[in-house]
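Below are two complexes that have chain A in common, paired first with chain B and then with chain C.
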Partner chain A sequence: MSNRLEIKLWLAHRLTGMALGLFVIIHLITIMIVIQGGLSAAEIMERTSSNFIVAIFYGLFVVAAAVHSAIGLRTVAQEVLKWNGTCLNVVILTFFSFLCVVGMAAIIGLVL
Partner chain B sequence: MKRNHDKKEYWASFVQRWSGVVLALFLPAHFLILSLALQGAEVLDSFLHWTDLPMVKFAEAGLVGLLAVHFMGGIRILVIEFFRWAEWQGHLITIAGCSAVACGSLFLLRAF
Partner chain C sequence: MSNQQEMITISIWRGKEDGDLESFKVPLVDNQTILDLLTNIQRDVDPSLSYRFACRVGMCGSCAMRVNGKPRWTCRTLVSKVVTNNVLRLEPLSNLPVVKDLVVDMAPFFDKWQKGKGRFEAKNSGVKEFAPIKPDNKMRQLADESIECINCGICYSACDVVETNPNYLGPAALNRAWSLMNDERDGSRVDRLIAISGDDGCQNCHTNSQCVARCPLQLNPTASIAGLKKLVAMATLKGEL
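Here is the complex of A and B:
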């Protein structure tokens, strides 16, 4: 694998990590606030329905988490399993695409 | 290599790596469950009732703790790589561990 690609992936992992830092703080605070009394679909959808700020926030969160986790899993597969090459990249790209599609489906379901 | 196992930094890297793997593998399930909202609030609710089980609440607290430790561990890595403040490592590792326990405990206090 070319060094240029590895550097780009390293940079993407760090940049998405920085963005996720901000998203995770907000997500953790939200979890702590809403978890009291248990969760219900009506309660969640009351906050998210037609709220496009929530849609934009979680849209960015999903993409950043998909990029960050896919690159992280690729690194672990390379270093721990000694797995390299095109096959690994295809698996990771499939994982990334799946996360993006399911994550966006969740946002559409909760906001629209 | 064996001597490294006595070092705090070794265990910080170990926890950072494997907490990341667990969180990455949890993401598809998390998104899939939330995307049930596409089929209506009742369908999502039928799954959310399951989260009232004490065992599930403990598992969720574990995930919140892993998210907190991965977040704080990520800040440690960024500080080392971008600012070269390696002498802060020990303190940052301690803060990461304490944050994870604090967030997991706070989640449990709120959830029950």
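Here is the complex of A and C:
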């Protein structure tokens, strides 16, 4: 791949890493606050149903995690397994799509 | 003073990559550097021993080799400081092809300086006046440390990323690129940022800082590489790359 594209992938990896750091902190603090009064499926659904702030937050979370892990895995494959080329890119894109679909399905289940 | 001189065993790499260590028994002399020791062995024991040196005072960097597995300048390393249990092991710098004994071929090292655009390219052709760069110039200050590099190759030998990815440009070439990126007179910023990026570029640095740990001048190539990463990131966000 061209150096320009590699630079963009590296930057995306860095930026999503930063975003994930922030998201994980918000996620953990939210959990600590909301479980004070006990934890049940009904209670979670009540809080998340039709809550589009939750949908947007976790939507961004899923995309950041998918981008970050896909690019990171690609780098690991290149450095450790010496695996390169189109085949690797196809596998990584498939993995990225899988994470996006599974993550979004979970969010839809929570919010709708 | 005792008449019985303490002896040490020094194992020296002989031959090329497929060579082997050869042991010599030599007396341990006070204040003797490893380079002095090698000279004694070559003069008195085996004239076929090959090693490289020039200045003998830590200015040229040509005497670099691995001492007990760690790259060092032999002219600035006292035998008494590094000998352990009266044993010493000398090998050529790693990550470079061995020419013979302790001499390596530095060509791949300098090829990477070229690959990383380690050459000054004037912004304005046909310079008519001096370009004044004052000591308080911020860019100049960022390059204060990196310009002290004397190209000895110790960081390149110590770098474990070069070891696993022989195409990686290495700390010295990237450090050179960093000093040029902070030269206001240089005109190939974007080209250089592209040259030092990608599969073999600055983004591959694992920040293990072996280069920092081993640099005899206590320079910080890891910081230079981090600076380059920042420049690449900013240029990408601005759409320059």
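The rule is short, and it goes like this: the second predicted complex is superposed on the first by the 102 of 112 C-alpha atoms of A that agree within 3 Å, B and C clash if a C-alpha of one lies under 4 Å from a C-alpha of the other, contacts with A are read in each partner's own complex, and residues count from 1 in each chain.
FYI, a contact is a pair of C-beta atoms (placed from the backbone, for glycine too) under 8 Å apart; a residue touches a chain by one contact, two chains touch by 3 or more.
Just so you know, these numbers come straight off a predicted model, no measurement behind them.
J.: Which partner does A:I29 contact after superposing on A: first (chain B), second (chain C), both, neither?
T.: After superposing on A, A:I29 lies clear of both chain B and chain C.
J.: For A:L39, select first, second, both or neither according to whether it touches chain B, chain C, the two together, or no partner.
T.: first
J.: Counting only touches as set out at the top, which of chain B and chain C does A:N3 meet: first, second, both, neither?
T.: The answer is second: A:N3 touches chain C but not chain B.
J.: Quick one: classify A:L93 as touching chain B (first), chain C (second), both or neither.
T.: A:L93 contacts neither chain B nor chain C.
J.: When the two structures are overlaid on chain A, which partner does A:G109 contact: first (chain B), second (chain C), both, or neither?
T.: Once the two structures are laid over each other on A, A:G109 reaches chain B alone.
J.: For A:R14, select first, second, both or neither according to whether it touches chain B, chain C, the two together, or no partner.
T.: Touch status of A:R14: both partners.
J.: Chain A residues in contact: does chain B have more, or chain C?
T.: So, of the two partners, B touches more residues of chain A.
J.: Which holds for A:Q78: it touches chain B only (first), chain C only (second), both, or neither?
T.: Second partner only, chain C.
J.: Where on chain A do the contacts with chain B and the contacts with chain C coincide?
T.: Residues 14, which sit in both footprints.
J.: Which residues, counting only chain B, touch chain A once they are in their complex?
T.: My answer: residues 17, 20-21, 23-24, 27-28, 31-32, 34-39, 41-42, 44-45, 48, 51-52, 64, 67-68, 71, 74-75, 77-78, 81, 103, 106-107, 110-111.
J.: For chain C, which residues count as touching chain A in their complex?
T.: Those residues of chain C that touch chain A are 164-165, 194-195, 197-199, 201, 203-204, 232-233, 236-237, 241.
J.: In the complex formed with chain C, which residues of chain A make contact?
T.: Touching chain C: residues 2-4, 6-8, 10-11, 14, 78-79 of chain A.
J.: Would you pull the chain A residues touching chain B in the complex into a rising list?
T.: For this pair, the touching residues of chain A are 14, 17-18, 20-21, 24-25, 28, 31-32, 35-36, 38-42, 44-45, 62, 65-66, 69-70, 72-73, 76, 95, 98-99, 102-103, 105-106, 108-110.
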